[in-house]
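For reference, the structure is listed below as structure tokens.
Letters A, B and C mark the chains in the order given here, with residues in each chain numbered from 1 onward.
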Amino acid sequence: MKLSPKTATLLVLVLLIALSPLLFPSGYYYRVGALIFVNAIAVTGIVILTGYAGQISLGHAGFAGIGAYACALAPVHLGLHPGLAMVLGAVISGLMAFLVGRPILRLKGYYLGVATLGFGILISMVLNNERQLTGGPDGMEVPDLGLRGLLKDAGLDLTNGQFWYWFCGIAVIIGAWLALNLFNSPSGRALRALHGSEVAARTVGVDVTRLKLQAFVISAVYASVSGSLLALQNKFITPDVAGFMHSIEMVTMAVLGGVGSVLGAIFGAAVLTLLPQVLTVFAEYEQMVLGLVMMLVMIFLPQGLLPSILRRFRRGDE
Amino acid sequence: MPELLQFLFSGVTVGAVYALVALGFTIIYNASDVVNFAQGEFVMLGGMITVAAYAAGVPLPLAAVIAIVATAAIGVAMNKLAIEPARGAPVVSLIIITIGASIFIRGGTQLLLGKQIHTFPAFSGDAPIRIMGATILPQSLWVIGGAVVVFIGLWLFFTRTLTGRAVLATSNNRLAAQLVGINTRFVMTLSFALSAGIGALAGVLVTPITLTSYDVGLALALKGFAAAMLGGMGNPKGALVGGLLLGLLESMTAGYLSSQYKDAAAFVVILLVLFFMPQGLFGRKSTERV
Amino acid sequence: MSALLTVEGLGISFGGLKAVDEVGFAVRPGEIVSIIGPNGAGKTTLFNMISGVYLPGRGRVTLNGEDVTGMEPHLLAARGLSRTFQNLQIFQSMTVLENVMAGFHLKERGPVLADLFNLPSSRRRAAEAASGAIELLARVGLDKAAGREAGNLSYGALKRLEIARALALSPRILLLDEPAAGCNAVETEEIDHLIAEVARSGVAILLVEHDMKMVMRISNHVVVLDHGQKIAEGDPAKISRDPAVIAAYLGTEAADAEG
């Protein structure tokens, strides 16, 4: 029996997430895993925007910032439960993407890049400068989600690291499921069509403005949820979450792993999240190695790591 | 009135630096259709290498020349090792490659020259010059003068020399340029050398005013990129006007509105320009061929 | 029968040069109208204006009685106008089947949330598009290639794929830009039959084609462009005898021979 690509991808993800802890030498690795998942969620959004629809964003960290600070601010100022604050953040991000996306998405290539970049930088500037509200560059505390306590009362006692590993792991799977659904759906097909040839997509009736906007909003919500989860698990947040470098990280992870597929992009998120952990011994070289990896992969494996590795395997089969 | 003049002076000084960075973007973009996000690192290298050479006992003018030549060499190396092999790659890949190069250069500089903030003496002293109640540093005049010289020099180069015309021809139509026997690889090498050298010069000129450290490049790249977009990508005149406008805008915002949000002003304007004039002030409008 | 598509005084300039100037004609349902003319006569530019890719500088396009001048392509598609491209515009990294399914976009599109959550309504829409696409692929002889990545197909196959995609819209008028270019004699004849068959089903067809034999064989009406202007119009027999047309073609051939 042959599995559909969607089922196969989900199966691989579930197995990896469920079985990896068996290999963890210490509880610390749950923490690293959770961090990979947080990035994986944002990167899945980039797959929809860049991999499916072919649009570039260099400012998606702005949405992660909105999601993160929603979790920090809404509980304090609106008395909202942190979980609901995450939803509020996602709604605000989606609305923001809708408003900004309308004019921005008419642009193409580098122009779109610089417009999204400008948007992201504006968000991070507000977070840095509105000290009374956000604590400025020093950051601010984020209240506890409270779910771990509930689980404990219900008889499931997880360490903080374990809890966030499983919580974010499930979020990754849901995120991947949605993205994979979209891929083969009418909307996903239209997105990929406008990526392939915008003029042809328009002549078959695709309202490209509307579809690009939908992809932009969806990917913004992914970034927002990713930011929220980061804030909630760290219980602390700084404006770096919305910074230019974080935007670049998202795009790099996706493209490095292979932006055309959900699995590839998540693989990229894992590699780039693990890189600094592996390089702690050479902390001084971290930046140089990161820069080098970015250049080498793009030059020699332009399709991204995972597709290139898979092709190597397939060639081995023949 | 002296207040306005004061903001004007600082705006033009910063604007001249942005214009030089934007010019660097423009030269490389024209030769290769690549937007080089490592452009700001060239400015950083210009300042930092001068600092290092000066600290090692080299006289300042010689240190500056060394910095410019070394940076130009790094630009050429970047083209040969990272850009040429990726010819024809999609825009996203090229963005990641040049950002990778920028992170690499930044990391390397941090490793070799440290994280401290550096400077070296201004070329003509630190005594401010008074003009109608406002003051300007002699070094600012160096920056503005340097920018003027570079722009005039390049204009002469592009219009009066055979090599310059070859560069222009390549930017208009690479294939046609190859057909008439122009060595387009050489044109790209030259463009990276020029662009890196100009960036480094900007770094040398501005360091006594703004100081420098390994991590100043990114912000400069973003501003320079914004200035280039504002003026219209690929147009040297646009780079000059865009850079100056951006500098003035920043200093006026800082002076009259909020110094915290001076950077925001730049990006708000960029967004507005892109919304209403997607091709920038002097950009060409392109028609898609189907 | 009244005209489905009417073009009146249509014109556009690029950098001061009049690429198309004062062109007008009409197409009725079931009729095949061909636009011919030497290279650079403005045929594709004319197509681009009619299909909304370019904004016309002057003139009027009327579709089924409605003024659609400069209307966006996706709105024209919803009104029954469909086209193919001279320089192929295939969705390269999608499968052959998906390319044609994209042509069903107007029928299969639905709320994006339904698509994200893979709701039954979304699956049903996709399934309908898929079965429609398979039928069309069979009609152009590409059903065996349905699962292949479109980018791997031969040129002739891609031409037919574009026609299938354009037919997926169930158009009332179909604009075909050199459908037989680069095809061998057998393929040309297949396309020839396909076009005639589509026209018989009541679809109006506007054709740009260099293969004169094909044009003369299947057209009801021919419009000749040269240097952006209409120099002649009429049935194929009349056009083939028209001195201005012969001069335009001979002129370019002579120029080609010299160049």
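By definition in this document, a contact is a pair of C-beta atoms (placed from the backbone, for glycine too) under 8 Å apart; a residue touches a chain by one contact, two chains touch by 3 or more.
None of these values were measured; they are calculated from a predicted model.
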item: Chain at maximum distance from subunit B, centres defined as averaged CA atoms; value: C
item: Central chain (by mean CA position); value: A
item: Subunit B and subunit C, separation of their C-alpha mean positions in angstrom; value: 47
item: Computed distance of Cα centres, subunit B from subunit A, in Å; value: 32
item: Approximate Å spacing (C-alpha centroids) for the pair subunit A, subunit C; value: 41
item: Residues of subunit A engaged with two or more neighbouring chains; value: 199
item: In subunit C, residues with contacts to at least two other chains; value: 53, 85, 89
item: Residue numbers of subunit B (touch at least two other chains); value: 288, 290
item: Complex contacts: residues of subunit A adjacent to subunit C; value: 178, 181-182, 184-190, 192-193, 195-197, 199-208, 214, 218, 260
item: Complex interface listing, subunit A residues touching subunit B; value: 50, 56, 58, 103-104, 106-107, 109-111, 113-115, 117-119, 121-122, 125-126, 129, 199, 244-245, 248, 251-252, 255-256, 259, 284-295, 298-299, 302
item: For the subunit C and subunit A complex, residues of the former touching the latter; value: 51-53, 72-74, 76-78, 82-83, 85, 89-94, 98, 101-103, 105-106, 108-110, 112, 115-118, 122, 125-126, 129, 165-166, 168-169
item: Complex contacts: residues of subunit B adjacent to subunit A; value: 35, 82, 85-86, 89-97, 99-108, 110-111, 218, 222, 225-226, 229, 233, 260-261, 263-264, 267-268, 270-271, 274-275, 278, 288, 290
